[in-house]
C-alpha cells in the first residue's frame, strides 16, 4: 500500500472512531497532513464523519483550497486545519469538534480546563480559550476564512488544544493516533474535573512534572497505544481496515 | 413523487430521527403544513414516533380536526400544532416534545434558557416559558383544546421555541429540517448551560449579534444542513427514505 | 387465552420493559396479582428480569410462599410484594427496583421527591421514605421477611411509591401498565428535580390540583396509555407478545 | 474441564463483562490467581478486555514476570496485580480500572467515597486514596514496577478497594465474581453519593453494622449472586461461556 493509501485508510478509521466515541456528530472533522507533500492535507468532503469512505477524501492546500477541481461541497471550516498545518510544521493531524462536555469550559469563566487524570495529560498543562468575538466581533462563531483560522492558530500557539468559546475545540498532534486519543480523553478529563469541582474541597490537578513525565513516556507506536486504537476501531465496526504499522510487530 | 407524498416521506424521517435522538419517546409529535393546502397539516395518528409509517399520517384542519372520517385515535395534544400553524403563516413545521434536559428550565425560576453554543442559536435570543396554570388553573398540564393551544401560541409569539412548565416545549420553524435540527440541539444547549452554570464565574451567552449572524448564514438547503439530516437518518435506520431536494445537487 | 395465560404474558412484557428502560438490572422485580385468586400473586423465580420466560413465573401466596412445590430459587425480597398485596386490595401490580436516579432522594435528607413533570404525577403528591434501620437496626438493607415487608407496606400506606433508604423503591398500582409507567417515569421526574434544584431559584412543583387532574384524566385503557406500552415493548424486542385488551380496539 | 481451563473461561467472561459495563475501556485489566499454584496469576496479554480470548491469557509470577517465554506485549501495570496477590493470600481476583465516576473522589479532597447503597457495601467502610506522588514524586501516574505496586498494596491494606489519585482504582476480592460485582457497583455508589451531596442536607451513609450485615449475608455461590453474573454475561454476549459452579444446581 502506498503512503497515501495508508494515510487515507487510517483517516477513515479516525473518522469512524470519533463518531462512535461521540466526539463528532454530523459536525466536526479530522485531517491528516499529506505523507509525501507537507504543504497539503487530507480531509473528507462535507459529510458526516461516520459515513466517510476513501472516495470522500479530498486534498487541500494550506489555504484550505482543493488542489484538484472539486464539484462536491467542502467543510466550511476547513480553514482551521489549513491554518494549524501552516503554523505548526511538526503537527501531522488536526481535529475540530463540538464534543459536548468540553463546551462548558469555553462558556463559563470560573474554571480552567486542565489535566486531572493521567489520560488527560495529553491536553497539556494549559488549554487556551479562543473567543472569536475578541477580534471579529459578532459572527456566526464559525471559522470561515483564513484570517479567523490564523487567529485561532495563533491562540493555540504551541499547545495541543484550544477551546473555542461557545463552539468546540481544535486539537493538533504529531500523529493521527495521538490526536484521536487526545480528542477522546479530552471530554472525559472535562467530566472528571466538573464532578470533582462539585464534590468540594481542593482539586488535585496533575503537576507540570506529571504531565511531562506522562507525555515523555508516551509513544505512538507502543503496544499500549495500539491497544486503544484497535479497541476503538472494533467498537466503530472498522477493525477490518486496521493495518499495524511496521507489519505486525507487538510494540 | 407528488408534493404530498414527498412531505409525508420527510415527515416519517423526522419522526424516526426525533425518536433516535431521544427528543421524543412514546410521547411528543412532529407535524408539517400541507404543501398544497396551507390551512391543513399532516401529523401521525396516536402512535409512538419511532413506529410511524406513511399510512399513519392524517390530515387535520387548523382546529385540529381530521378532514376525513377517522376511526383511529388521534394525539390528544394535536391542538398545539393547529394553533401554531393558525397563528404563524410562515411556519411550516412544528414539534412538541418532553426532551428531558429542557425540563429543568421550565421548572426552576433562577436561570433562563438562552443560547450558549452556536448550534443553539436556532432557538433565538429569548425562550418564553408558558405556564398553563396562569390562565387555566389546575389542569393535567396537557393541552387538550384550542383555547389552551391558542394561549400557548400567543406566548410563543414570534419566537422559535416556548418551554411549557412541567411538561416540555413547543417549537416552530419555516421548514421540517429546521424544526428537527432545533429540537435536537435544544437539549444540548440546555446541558451546556446547566454545566457551565455549575462551573462558576460569569457565563458567556451568545450575543444578539451572534445569534442573528448565525441564523442569517443558515440555509435549509445548504450542504451543511443536509449533512446533519443525512447523518441522523442513517442513525435512525431510514437512510433509504432520503430524497435530496432539487434532485441530487450538492448545495 | 385464559386470564392466567394473559396475565403471565403481560408480566413477561413488563419484565423486559423494565430491563430495557434501566429500571431494573439483575436485581429488582415486578409482580401481578393472580387474575382469578386475589390472595395469590405471580412473579418470576430468581432470575434477571431481562431473561424471564413464562416457565419462570411462580405463584406465591400472601406470605410470599410458593403454592406448589418449587425447587428453584425464589427472589429473597418477594415478601415486599406479598405484604403490599395483603395490605392493599385495590393494588394489582407491584415493582421493587433500584433505579439509579431515585437513590439520591432516599439518601440525602435535604430535598423531597415530588412531582415536577406531568408524567411524574403518577407518583402522587407525597413519596414517603422508609428507612429499615428505624425499626430493625443494622440489617443488610434487604427485606427478607414478612415483618420487614409489612413495615414497609405500612410506610407506603395509601401512596403509590415509597423510597427505601440506600436501597431503591417499592411501587404499587391498580394495573400492570400503570406500575410500569410509574416506574419508568419516576427516575425521569427525579432527574428533572435534581437538575432544576441546581439551576437555582424557586422550583415549581405540580400542585395538588394538577396531580389530581392528571391522574383523574388517566385511563389504563386509553390510546395514549397503549401508545407507551406498545413503544416500550418494541424497544424491548417483545412486540410480538403484545395483545391489545378488548381484542384490537383503538381506545 | 480442568481447574485451569475453568478459571480461564471465567476470566474471559469477567473481561467481557467489565468492558460491557464500562468499568474498563481499552485500559484496565482483571486477573485471577492460578487455581493450582497460589504464587502465580492469570491475566490477558496487552489487549483491550473486550477482545480477550483464551489464547490471550498469560501466567505471571508474583513479581509480575511471565513464567514462560513470551514474545507478546504485557500490560505495563501488571505489577499492581502481582503486589496485591503477594500481600493478600486470601485474595483470588484483582481489578484495576479507570471507571469514570470513581475518578472525582480521587481528585477532590472534600468528600470521601463511602457506601450509601446496599450494593455499595462490598467496597467496605473505608476506601483509602493512594497518591503515587507522595512517595514517588512526579511520575506518569502509571504503576510500572514492583516498588510502586507494593506501596499501593500497602495503602490498600486489608480493604477491598483503593482509589488511585488522578488515575482509577484497584480492587481485590476472594473470588472473581465478587471483584467484578464490586467493580460494577463502585461507580454506581459513587454516582449516588455525588448526586445525594448535591441535593443538600445530611447524607445517610450505610452504618458499619449495615456494611457488615450485608457482607455477612453474601455468598459467591448464592442464587442472587449467580443471577447478576448470568445477566451480565448475557449482556456482554458471552452467555455461551457460562458454566454453573457445582454443575447446574440452583443455589
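In this document, chain identifiers A, B, C and D correspond to the written order of the chains, with residue numbering beginning at 1 in each.
As a working rule, a contact is a pair of C-beta atoms (placed from the backbone, for glycine too) under 8 Å apart; a residue touches a chain by one contact, two chains touch by 3 or more.
These figures come from a predicted structure and were not determined experimentally.
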item	value
Third chains touching both chain D and chain A	none
Angle of the C-alpha superposing rotation, chain C to chain D, to the nearest 5 degrees	90
Same-site or different-site touching of chain B by its copy chain C, using the half cut	different
Chain A-chain B separation of Cα centroids, rounded to whole Å	32
Mean-CA-position distance for chain D and chain B (Å)	46
Where chain D touches two or more other chains, by residue	197-198
All chain pairs that touch each other	A-B, A-D, B-C, C-D
Residues of chain B touching chain C in the complex	25-27, 46-48, 50-51, 71-73, 76, 98, 100-101, 103-105, 107-111, 131, 133, 137-142, 165-167, 194, 197-198
In the complex with chain B, residue positions of chain C that touch it	116-119, 121, 188, 191-193, 195-204, 206-207, 209-210, 212-214, 216-217, 223-224, 227-228, 230-232, 234-235, 250-251
